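Just passing along the structure, written as structure tokens.
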Amino acid sequence: MSLTVAVAGASGYAGGELLRLLASHPHLRVTTVTAHSNAGQRLIDVQPHLRSLAHLDLVETTAENLRGHDVVFLALPHGASGAITAELGDDALVVDCGADHRLVDEDAWARFYGGDFYGAWPYGLPELPLAGGGAQRERLRDARRIAVPGCNVTAITLGLAPAVGAGLVAADDLVAVLAVGTSGAGKALKPHLLASEIMGSASAYGVGGVHRHTPEIQQNLAAAGGDDVHISFTPVLVPMSRGILATSTARVRDGVTEEELREAYGRAYDGEPFVHVLPAGAFPRTADTVGANTALIGLAIDLDARRLVTVTALDNLVKGTAGAAIQSANLALGLDETAGLPIEGVAP
Amino acid sequence: MSLTVAVAGASGYAGGELLRLLASHPHLRVTTVTAHSNAGQRLIDVQPHLRSLAHLDLVETTAENLRGHDVVFLALPHGASGAITAELGDDALVVDCGADHRLVDEDAWARFYGGDFYGAWPYGLPELPLAGGGAQRERLRDARRIAVPGCNVTAITLGLAPAVGAGLVAADDLVAVLAVGTSGAGKALKPHLLASEIMGSASAYGVGGVHRHTPEIQQNLAAAGGDDVHISFTPVLVPMSRGILATSTARVRDGVTEEELREAYGRAYDGEPFVHVLPAGAFPRTADTVGANTALIGLAIDLDARRLVTVTALDNLVKGTAGAAIQSANLALGLDETAGLPIEGVAP
Amino acid sequence: MSLTVAVAGASGYAGGELLRLLASHPHLRVTTVTAHSNAGQRLIDVQPHLRSLAHLDLVETTAENLRGHDVVFLALPHGASGAITAELGDDALVVDCGADHRLVDEDAWARFYGGDFYGAWPYGLPELPLAGGGAQRERLRDARRIAVPGCNVTAITLGLAPAVGAGLVAADDLVAVLAVGTSGAGKALKPHLLASEIMGSASAYGVGGVHRHTPEIQQNLAAAGGDDVHISFTPVLVPMSRGILATSTARVRDGVTEEELREAYGRAYDGEPFVHVLPAGAFPRTADTVGANTALIGLAIDLDARRLVTVTALDNLVKGTAGAAIQSANLALGLDETAGLPIEGVAP
Amino acid sequence: MSLTVAVAGASGYAGGELLRLLASHPHLRVTTVTAHSNAGQRLIDVQPHLRSLAHLDLVETTAENLRGHDVVFLALPHGASGAITAELGDDALVVDCGADHRLVDEDAWARFYGGDFYGAWPYGLPELPLAGGGAQRERLRDARRIAVPGCNVTAITLGLAPAVGAGLVAADDLVAVLAVGTSGAGKALKPHLLASEIMGSASAYGVGGVHRHTPEIQQNLAAAGGDDVHISFTPVLVPMSRGILATSTARVRDGVTEEELREAYGRAYDGEPFVHVLPAGAFPRTADTVGANTALIGLAIDLDARRLVTVTALDNLVKGTAGAAIQSANLALGLDETAGLPIEGVAP
């Protein structure tokens, strides 16, 4: 089976990563790539690492150019995908890597994003354990619209959902700090993203509860079974292109043991092809997930601080964006969930 | 005035940084440098960046070689400095960059370090605000023995002590996650410190309350006025040689405003030459402190999470080690506290 | 078809990269992994990025453990592979990533390596254009023994061979300087390879004609048709894990134009799946080849200096080692030459 | 003595580095800082590492604002300084870090830069050995106008001038390849300078004799005594903020020995405070020069290739720009040549 694919926003990092993965997907074949300011150029001139897609030219991101494909992946700035999907019709599977269709709560949308609210689509985090049992995966089969999670959100959600869902930790005073690579900030020309500013330096941003990923984390942990979810979440930009290492902590309920916690994580993730819980004493490195759709989780209880500490590593462009999009599309299309998705990280 | 100085452990990173700073100190003159396995070599062959000290040769780290100087700086593995200082006599000012004389509590020593307990010395963090008023600075004047704080400890302590001391936050559920450069781990040959393993990767270590800096943080925050201090503290190794960015959070007491918090930080640090609180909305980068004895602090309240979030940047080898050592020595010797200490970071 | 594979030296970087690529090879299946000091451990504990090979355990590198496979890949220190292959018998295809079977000239071996000389095997650089016409590829079909080139050698050879072979440049005064990532130096614990020493720094090594790759470059360029080949070759270690960017220059013969040079490169590489010559004015980045078996070449004539300057980018662990090994094995086994080999680089 | 200083272009990297060094200069006191798009802001908001200059505000870069100071440093784009200096009058010492007053040859200016030609000023490379004996230093005493060299130029010139000047190598076929940090490219927002593009990657630019620094290198080596100077010069951008490592090669004349070469370098640089030739077998790292006005040179003869290979390390922002400017100003003002200039690099 070969399905045709269009990728909108093909000149950015998320779009480029979709194309890198799709180039070796056994069933999906990219036939259209669109861009905004780079429309008219050859794809290879903008994304020189995509050698086997050198025959493609970038066209304008319009509904007309995107129509007529079996699958459309959108890697557009927030606001842009919401506007264009209304024009796409229902024939294609549409997978949005942006924020426009993630949030269920219109108030949260208004507070953190603003502008038109487009409503939530099935959420592309197949491994999310749900309060009533089962996982988000089931909601993606036969979906025609999918909203891909934010990269920081995926790292924190995977790291905390099993403990929150099992009621082993308090959900109302979560604290997460993430070391994040620069590609998550995209290709836009901003002074603080210049190489000279980033190399040899670490800096925090979105401090104090203002980061847009906050309500999405709350939504996920509530879906997993958390009551009254509150989280202090601080991303720290560090000198690497890819990767998120999320250190997420939660107050452990009295008497809860590491064994109980490991059982909860096992129930959530045993058998998952892309999410792995490391043995006691082991904690992941982001390098082990680079280029792969893999998330690795380590955990420990700090007895003195009475907190669970989980450390989750993933590649923001793969499991955090493009890989999650393809994994979800595979589910929606009835393909093997793992088709076209690398498991081995490119380390060192 | 010119005082003679010996530096023990001159082939390591902390020793090298002491020498880099001392090379342009107006009143201190290095006459002896000692090492263990590198003894017998020229200093310049081991520390090729110390061009103006090219005339010095490394001799064995023995009490005999260290005696007869006005000041002795020790940059030795923990356990080693405790053993040698007993032999040094009381003529010299001895400043220990290791852990041996930091902890007051012998039980904490036994639990986190083990081996002989040498007892605590005056603690070399001049800016530490004390519960009874005033700062640690006063305890360093005329001191003959000084214990320099651990680098992670300094970052967290500076970031939380004013809030904890003023009772504006709860001290019993602190959470800190630090992005740390590799030089803090020293020059020892460990596989996970190879460049190929570090570049492009972030990883956590000492997770779950086992890091040796934990009791020292508790000791400091108690000195600042904190009751029942508990902290979950996770260092994350990121791809940079120098720098610590500590994101430290604490539950804000009901009704406390950012203005009250800023007043508390102002009381603690206004007028300090090396510790600066940034204005609202600004958060520091480690690059701005590289090579300097400067610590920069940004802070915000996360209203939804009801937590104070402080972000502290410093150079682990300077304000985190060698600079703190020299600053404390300046105080003990009655010199200008800032003598020989850069304020401007080497950025970009 | 499924062939069994053993990888010797599976705990190092070259071995790890062989395994990463083999994990998704359609016809080769790794059944044995061997190591020296890590024997007895689980592979996943030593190479935590190889999630889908988590079932494998490391055994001792002995002839006994390596026998009985269809293909044996050796990623061993030089000297070690020569010794063990004599014991392997002729049933298996043996592909050596080390230096032991690269050099034809015993004197060159003695001068640059020393120790036992094992004799040259068919050389695993399929794209090498040969003086008499055709390419090295033909010599690899049905081979039972293959010597994989050195990574620096491949970069320089691909960059200069077409010009040298076509007689458009003088071969007797070549100059190449390479920016190289640290993984080429392997996982051995050497002080200058510590992350703190590498990050933020560039340094040259093997300066002045002493680098062991020198005779191999001469051998290749002679095979391509060069007379009296002499090359000054300097590798510069730069702060990245993977990648080689070789800037290789040669004196252009009088009257030679860039058009003639481009024709020669076109004759050599047009149609190659893994070697691409960029259009005029374009020069490659190593990032575009990370994790891929791709080599990218840019070229220009410096009219004032009368030199051809070529810039070649590749991933030292893939096209420079493990990818070349698998590509050559594919040829020897009669498989599709590109089987299991990524073309798209992992960028950014 | 305290002289007043204005720095034009204070918001860029060169301007920032001038300020960092001037902040601790014993005789120079910065009273005015100017900028273009950042005029009106506080300096500390644009250069947050310059804590002790937090009292300064950025004003417009106009002749009026620059007049009335003892020294004016210009760190402006080429073309801009030439235009403004005509308006400054002769009272102040004017030191230009840009290209406008470096080239003697108007044709070379027209070919590589274009636009108005402003004529050459005394050239700020004090250590440059001159053909007739002596060094460039003498031409800087009492100068009222100084043109600071380009950073790549300084690295290549220092590395080759003694050999070229002594006639021990041929000047007509020089080849240099430089690993350069990103700060040399400035703070302008260019896509290829984004951190995500630079980290983990090396790339060449200005390939094929088109780099603007080429005629300046030829001018310097001719001044040192070279006949018919031709050089192929390729800068390679590598993932570090600061530093240049120049590998420069030249054909050795028949019979010349390393001893003769070392004597020539000794004659040129022995006693220099900032330029050091390393012993045989030693080659420099850029890290050893970070933040310092130091240049380190290693050299070897490649007997087979019959080329001298020199490796020169320096910090492009210090010895390559701001340090050279201050060193030259010290000479022109009759101050100690080393005043305010660090010798020790900030390593690791």
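Each chain carries a letter (A, B, C and D) given by its place in the written order, and its residues are counted from 1.
Just so it is clear, a residue touches a chain if its C-beta (ideal position, glycine included) is under 8 Å from a C-beta of that chain, and two chains touch if they have at least 3 such contacts.
Computed from a predicted model, the values in this text were never measured in an experiment.
K.L.:
Walk from chain B over to chain D along touching chains and report the minimum step count.
P.N.:
Shortest path length, in steps: 1.
K.L.:
Tell me, which chains sit next to both chain A and chain B?
P.N.:
Per touch definition, common to chain A and chain B: C, D.
K.L.:
Using C-alpha centroids, which chain lies at the maximum separation from chain B?
P.N.:
Greatest centre separation from chain B goes to chain C.
K.L.:
Between chain C and chain D, what is the separation of their C-alpha centroids in Å?
P.N.:
The mean C-alpha positions of chain C and chain D differ by 37 Å.
K.L.:
Please compute the C-alpha centroid of chain B, do the same for chain C, then give the distance between them in whole Å.
P.N.:
Distance between chain centres: 45 Å.
K.L.:
So which stretches of chain A touch two or more other chains?
P.N.:
As it turns out, chain A has residues touching two or more other chains at 13, 183, 196-197, 199-200, 239-242, 284-285, 287-288, 290, 347-348.
K.L.:
Would you mind writing out the residues of chain B in touch with chain A in their complex?
P.N.:
Per the touch definition, chain B meets chain A at residues 173-175, 177, 179, 196-197, 199-205, 207-209, 214, 230-234, 236, 238-243, 245, 247, 249, 251, 283-288, 290, 298, 300-307, 309, 311, 313, 347-348.
K.L.:
Could you list, by residue number, the parts of chain A that touch chain D in their complex?
P.N.:
Those in contact with chain D are residues 13, 181-183, 185, 187, 189-191, 193-200, 239-241.
K.L.:
Enumerate the contact residues on chain A facing chain C in the complex.
P.N.:
13, 16, 20, 23-24, 47-53, 183, 199-200, 241-242, 276, 284-285, 287-292, 294, 296, 342-348
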